[in-house]
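Worksheet for the structure shown next.
So that you can tell them apart, the chains are marked A, B, C and D in the order they are listed, and the count of residues begins at 1 in each.
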Amino acid sequence: MSKMATLNKRTNVELDRSVLEHKLDPKKFFLQWEWLLVIILVVILIINGSISDYFRGTQVLDATMNFMDKGFMVLAMVFVILLGEIDISVGSTAALCSVIMAIAYNAGMPMELSMVLCLAVGLGCGYINGILIAKCKELPSMIITLATMTIYRGIAYIILEDQASGGFPEWFQYLSWGYVGPIPFSLLMFIILAVVFGLLLHKSVFGRQVYAMGNNETTSRYSGIKVNRNKIIIFTLMGLMAGACALFLTSRMASTRPNVAQGYELDVIAMVVLGGVSTAGGKGNMLGAILAVFIVGYLRYGLGLINISAQVMMIIIGLLLIGSVLASNFLLNKPKALPKK
Amino acid sequence: MKKWMTVVCLLIVAAFVFAACAPAAETASQVPESSTESGEASAESSTEASAGTETTGSGKHAIVFKNTGNPYGEKEMEGFENAVKEAGQEAILRAPDQPTAEGQIQIIEELIAQGVDSITVVANDPDALQPALTKAMQAGIKVIAVDSGVNAQSRELFVNQAGSELFFFFKQKTAYEMCSGSGEFAILSATSQATNQNAWIEALQKIMESDEKYKDMELVKVAYGDDLRDKSVSETEALLQSYPDLKCIVAPTTVGIAAAGKVLTDKNLGGKVALTGLGLPSEMAEYIDNGVCEYMFLWNPLDLGYLAGYTAMALTDGTITGATGDKFEAGTLGEYTVVDASDGGTEIILGPPFRFDSSNIAEWKDVY
Amino acid sequence: MDEYILELNHITKIFPGVKALQDVNFQLKRGEIHALMGENGAGKSTFIKVITGVHQPEEGTMKLDGQPVQFKSTRDSQEAGIVCIYQHSTAYPDLSVTENIFLGHEITKGKMKALQWKEMHAKAQELLDRLGADIDSRASMGTLSVAQQQLVEIAKALSSQARIIIMDEPTAALTKRESEELYEYTEKLREGGASIIFISHRFEDMYRLADRVTVLRDAQYIGTWDVDAISNEDMIIAMVGREIKQLFPKRKIEIGEEILKVEKLGRTGYFKDISFDVKKGEIVALTGLVGAGRSEVAETIFGIAQPSEGTIYVDGKEVKVKSPTDATCAGLGLLPEDRQKQALILDWEISKNIGLGNMDRFRDGPWYNKTKESKTAQELAEKMAVKASSIYDKASSLSGGNQQKVVVAKALTSNLKLIIMDEPTKGVDVGAKAAIYEIMGELAEQGYGILLISSEMPEVLGMADRIIVMKSGRITAEFKSEEANQEKILEAAMLGE
Amino acid sequence: MKSSVNILEKNKTKKIFRELGLLIFLIVLCVVFQAINPTFFTWENLADMLRNTSILAILAVGMMMVMITGGIDLSVGAIVALAGMVSALTVQYVPQLPAVVAILIGMGVGIGCGAVNGVLVAKGRIIPIIATLGMMNVFRGLTYLISGSKWVSAHQMSDGFKSIATSGIGPLNTLIIIAVVVVLIFYYFLNYNRTGRYIYAVGSNPESAVITGIKKDRILIMSYTLLGLLTGLAGVLWVAKFASAQGDTATGYEMNVIAACVLGGVSVSGGTGKVGGLLLGVLLLGVLQNALPLINVSTFWEDFIQGIIILVAILLNISVKRRADKNALKRREI
C-alpha cells in the first residue's frame, strides 16, 4: 500500500456510498446500442430462415465462413478506432501478407513457417504504420495509412505482378474449410480471439488506457500513460490481425493474387462503426462490433440465398450503414452539438 | 428538428428491414419476368429442394460471372438462361460486385446451400475457386467452367470459346496482315483479372520465335491497362509517344481496345496505326465505322452462354459424363463433342470467333 | 434619449431540468463600463448568451434604446451593434489576423461583392496600430499568443463599430501586465463611445475599471451597486452568499530535508539556467508573467518535454525524467494548468478519473480491478470533499473547483513526495479557492513538497514559503515570504535582469 | 510579444517552402523523365497529360473545399459514374440533345448526390467518412440499376456529346479549358467571396463559426453540394472523353483525388488548403501517371512509386516544419 494522503475528513461530504455496491440502471441498460444490434441480428436471422428453406441448422454456422476473415480485422480495428485513429491500409496489408506467404512457400519454405512469416509480415506492416503515426503527430492516421495502403499493395504487385501463386498443401485449407464438430474452425478461432480481445479491451489495464487515450490523449500523457508505445502496439496488433485475415482468406481461396482483399478496409471500418464505435474515439465496445460482423455477414448471405443481385445488395448495405448511424445519433445519444476538431 | 430526425431515422431503419423482407415476397410473384427463372419453376424449386439434390431432370442451374455490370457477361448469362429456359428448367444468374475470387466463393457457397443441380463459373482466378468448387462437386453438384476457366481438378467440363491454337492463328494472321508483314506492334492487355489473356500472350511470343514468317515483325511492348479506361488511355498514349513507328496495336481486352480506338480516333491516327483484338461490337462500332479498326473478333457471348447452359443440363441429366468422346445436342447450335483439354481435363470448343468488320457491324452493334 | 442603452427585465431562461436564469434584471447606461460578477455557474455566461441572441429567454423583456427587441440569432444582435468577446478564444487559428477581424462584416466591392483584401489588411493594421499592438495583420492567428489574440478580438470589436461590447472574462488568461494593457484598451473603447459589459470574478478588474457592478448568484439577480459604494466584504458576501473567514489558511509547518533540486535546467527556446530546490513541507511559488516559462519548467520536470541541459535531483539522487511515468516513479506529481484538457477526461466518471492517476495501483496481473478503484476513489473523493451525488458522476458535471479537487485526488493515488500545481485556482470561484488552499496547506503539513505556479499575487504571497520569480525564461529573483511584497515581485517579473 | 517577429518569419518561410518544395520536386521529376524519354517534353505529350489531368483537377478543387470544412468525400468515384451514366443514357435516348444540356443533367445529378451527402453530414451528424462510404455503395448500386448493367457505347452517343472532349480552341482542348475555368472560378470563390471564406472559418473553428453567426450546416451542405456539382461535371466529361459509360467507371478514383489534395497541402483536419498548392499536387500526380508508362516503368511498380512519393512528400513537409520551429526556438532570446 502506498503512502496515501491522510487528509482531514471534511464535514460536508455528500457522496452516495450505496452506489458502490450496484450501479446497474435498468433504464440505461436497455437503452444501449447493442440491444438495437441484437434486435437487427435476430430480425435478419428470422427473415433469412423464413424466406429460404436452406437457412437451417448447420447452414447458419457454415455461413459464417464467408465473413470470418473480415471479422479478425474488426477485432483489432475496434482498438484503432477507439483511439480516434483509422487504418485504411489493412486490406493492402492482408494482400501483401498473403502474397509473401505464397512466394515463400513456393520458394521451398515449409508451410508452417510460411504461415508464421505471413503473420510476421502483417506485424511488420502494422509496426511501420504505428511508428509513423506515433512519430508524426502532425499527420492524421488517415493520410499516413493512405500512403502505406498504396505502398503495401504496390509491393504485392511488384512481387507477384499479374500472376497468381498457390499450390498450398491440402491441410492448409482446413483453416477456412474445416470443422471442429459442427463448428467451422474459422468461427471457433474467431470466438476465441473475440474473447481474448474483449477481455483485453474491457478488463485489462491496457484496455482502460486505450479508452483514456481515445477520450483525451493529452490527459492520458499527463497521467503517465505511454501514449506512443500504446499506439504502436495497437497498430502492430492491427497489422497482425490483417496477417491473420490473410491466412484465412488465402486458405479459403487456395491461391492468391496481389489484388485480394481489395476494399476490405472500408468493409471492416463500416462494421466497426455499425457496431457503435465512435470514430471520434473513446466510445463503443467490442460486443457491438462483433454483433455488427454477424449482422453484415448474415445480411449479405441471406440476400445471396434469395439471389438478390449484387447491385441491390450494395444499396442495402449502404443504407443499413447510414440508417444505423443515424439511428444511433438521434435515438440513443443526444446529438453532439459540434464535432470535436 | 430532433423529432423529425427521429422519424426519418425510424423510416430508414424500417425501409431497410422492408428492403430485406421485400425481395422474399417478390421472388414468388416477380421472378418470371425478372429473368431469373421460368414460369412454374419457382413453385417447383421449393418442393424439389426439400426432396434433395439427387433429383435430376428439371433442375436448377446457376451461372456465376466475373463481376456485375459487364455487358459481355450479361449477354453470356442471357444465353445461358435462354438455353435453360428452353428446356423448361430454372436458371440462376449471379455475379459479385467486384471481380474477385472471394466474391465468387461466397456466391458458390450460397448456391451449394440452395442445392442447385449445376454451377457454371466464369472464373476470376483459375485456382482460387478450387476448394469451393470441390465442395460443390462433393455435394453432387455438376461444375462447369466457361469462357475463363478453372483448373482441371475443380471442374467437370470446360466450355472453351476456342482452342488456343485456333485463336493464335487468327490473331497472328491479323497482326501480320495489318502490319503487312513487317514492323513494330504492341499488345495492350488487361492485367491479372483475365486468366486467359496471359496464356495467349505467352503462346503468341512462342509462335513468333518459331515461325520464319514473322521475323520482320517486332513485339515492342506489352502494356497493361488494368481494364480501366483512364489507365488504358494513358498506356495507349505512352505507346504512341514512345514508338512513333508503331504499326499496329493488338488489344485482346474489350476495355483496352475501345480505349485505344478512342485515342486513335482523337489523334486522327486511323490508317496509320492499325488496331485489332477482341472487342464488343457495340463498343467498337464507332471505330470500325470510322476506319480506325478495320476488323476485330469476338465470340458470340450469347452462343457461349447458350452452349454452357446445354452442357450443364446434359451433365446433370446424365447424357454426358464429361469424358472425352461424349456427344450431345446443344439446342440450335447443333451437336458438340467433348475433347481433351491441354491442361489434362476435358473441354467443349465453341468454334472460331466471329469476325466483325464494316460490312456486318451494323447488325451486331445493338445486339451486344 | 433614454438613460439606458440596454435594459433587461425579469429574464428567465430554463434548460431541461435547470433554471439557468431566474428573474434577472440588468441595466446598462450609455458609455459606462458595467461589471457583471458572480461565481462560476452563477449564470453569467447564459446571461450574455441571452443578450447576444444565442439563447432565447422563456420570460422577460429586452429593450435596446428604449425599444423592445428580440434577438433570434447572434446575427440579429450584431446588426444591432452588440459584440461579444468570449472567454474562450473564438479565433480561427488558420485564418489571418485581418480575416479574424473582419469575418462577418468584410469589406466588399461591386456587384460580385469581391472581398477587398488590400483595403482590409490596411484597415486591420491601422486598428492594431491604434491599439498600440505589435501584430502583423497578415500573420495567421494560430501563431499569436493568447494575449495577442485577445487584442485582435478587441480590434474586431472596434472595427465593427459596436455600441455595446461584452467582454467575457477577458483577463482570465492574462498576466498582470497584460491585464493592465487590457484595461487601457477597454478605456479606449469607452472613449470611442461604446458601452461595455465586463464579466469577471477578479475584484481587481472591477475596481480598476467599472462604474457599476451587478452580481448574479445561483442563477438569480442579487443586486446592482456603484463600485465606489460597496466594500470588499459586502461584495464577497453578495457573490458567495456567505462570509469567507480566512482565504489563506497559512499553517506553521516544520520544513524538512530537500526533496527536489533542479540545477542549471534549460530547454532551448523556453528557459535557461533554472536552479532551485523544494523541501519537505515547503510551498515554493514560481511566479512571473504568463510566457515567462514557468509552465514549461513544470512540464520539463514532469517529463512531458525534455530539457536540453541541466540535472534534476530527487532526494539528492539524480533522476532522468523521460516521461511522466518516470516522474511519478520518482515521486513527482503535476496538476496541469488546463484541467479540462490536460488533467481530466470529462466524459468519464469521477472514479475512473481518479483511477487514471495510477493505473498500476489497481492492477491485478494484466487485469484492471474496478472494485479497488471505486473504493480508493470514494475514499479520496470524500477526503477532498468533492461535491457530487456519487463518484459515478461525470467529471464534466462538476464545477471548476470540484474538478480541481478530483485532479488532486487523482494525483494522490500515486506515491508522491512533491506536487507541482500549475495555476490551481484558475477559473475557480472564491468559495472553492479557499477549499483548495486548505488542501494545499494540509498536504504541506503531511510532508509533501509543493511547487506552486501562479500569477495571482495574493495567492503567491499568502501561501508560499519561498517565492521564485521568472522573467523571459530566467530566474530573476528569490524571496522568503516574509520579505516579499507585491511591488518587489512585480519589479522582478517585469524589469528583473 | 517580443517573440512575435520570429514567429512571423517562421510562418512565412514555412508557407513559401511548401509550395516551392513541391514545385522543385516536380521540376526535378520532369527533368529526369525528359532525360530518360525525350518524347516527354513534346507539345503533344504535354497536351495529352493536361487533358488527362483536367478531370482530376476539377474533382480535386471540389474535394479540397470539403476537406477544408474538415470533411472528406469517398463517394466521388461513384457519383462520377452515376452522373456520367445518367447523362449518357439521356444522350442515347435523345440523340439530338445539345451537349450543354447533357452537361447540365450530369451536374444536376451531381448536385442531388452531393446534397444528400451534405445533409447526412450536417443534419444527420454522421462522420463524413462514414456517410460518404455508405452513399458510395448506394450511388454505385444505382448506377448499375439504372443502366441495367449495360454500357453506353460510342456509337450510341451523339457527335455533339463526344465533341465535348475532342473539340478545343487552338491547341487547347475543351477539357483543359473547362478545368482552368473551374479552377479560376473556385480560386475567386474561395479567396474573394464571403461565403467562400466562411468555408475556411467553419473548418478552422466550427464553434466560433456558429457564435459568429455563420450558418454552419448550410456551409457544410453547400460544400458537399458544390463538390457534387463538380463531380457531376467531371462525370459527364469522363464519359464524353472515353466515349463509354460503364457501371464501374472511376471505381476507387476518390483515392487519387484525395491523394492529390494531400500532396497539395490540404489538411484533413480542416481549415487549410490553397488552390495554388492543390494544382501542384494535381500536376504531380498527372505527370506521374503520364510519364511512368513513357519511361517504361512496369505497371506493377506504379502503385508503389505513387505511394512512396506521397509518403516522402508528407514526411519531408513535417520535417521541414519541425526544423523551422526548432530554429525559431533557437533564435529566441532568453
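Definition applied: contacts are C-beta pairs under 8 Å (C-beta built on N, C-alpha and C of every residue); 3 or more make two chains touch, one makes a residue touch a chain.
Just so you know, these numbers come straight off a predicted model, no measurement behind them.
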Quiz item: Can you tell me the least number of steps between chain C and chain D, where a step is a move to a chain it touches?
Solution: 1
Self-check item: Chain pair, A-C or A-B, that carries the greater number of C-beta contacts
Solution: A-B
Quiz item: Counting only C-alpha atoms to place each centre, which chain is farthest from chain A?
Solution: C
Exercise. Can you check how far apart chain A and chain C are, centre to centre, with Cα atoms defining each centre and the answer in Å?
Key: 42
Quiz item: Distance-wise, how many Å sit between the C-alpha centres of chain A and chain B, to the nearest whole number?
Solution: 35
Quiz item: When the centre of a chain is set as the mean of its C-alpha atoms, what distance in Å lies between chain B and chain C?
Solution: 71
Quiz item: Approximately how many whole Å separate the CA-defined centres of chain A and chain D?
Solution: 30
Quiz prompt | Set of chain D residues in contact with two or more other chains | solution = 124, 140, 144, 149, 205, 207, 247, 300
Quiz item: Going by the touch rule set out above, which residues of chain B reach two or more other chains?
Solution: 5, 67-69, 97, 191, 224
Quiz prompt | Set of all touching chain pairs, with the criterion as stated earlier | solution = A-B, A-C, A-D, B-D, C-D
Self-check item: Parts of chain A lying in touch with chain D, wherever the complex brings them together
Solution: 86, 136, 138-140, 142-144, 146-155, 157-158, 161-162, 258, 266, 269-270, 273, 279-280, 309-315, 317-319, 321-322, 325-326, 329, 335-336, 338-339, 341
Practice problem: In the complex, go through chain C and note every residue touching chain D. | Solution: 54, 73-75, 78, 84, 86, 90-95, 99, 103-104, 106, 108, 112-115, 117, 133-136, 139-140, 143-145, 147-148, 268-272, 293, 472-474
Quiz item: Given the complex with chain C, which residues does chain D contribute to the contact?
Solution: 1-2, 4, 7-8, 10-11, 188, 191-194, 197, 200-201, 203-205, 207-209, 211-214, 271-272, 326, 328-330, 332-334
Quiz prompt | chain A - residues contacting chain C, complex | solution = 2-10, 12-17, 19-20, 23, 203-209, 212, 215-216, 218-226, 282-283
Quiz item: Given the complex with chain A, which residues does chain C contribute to the contact?
Solution: 302, 304, 323-325, 327-328, 334, 336, 341-348, 355-363, 366-368, 374-375, 378, 380-392, 410, 412-415, 439, 442-443, 446, 448
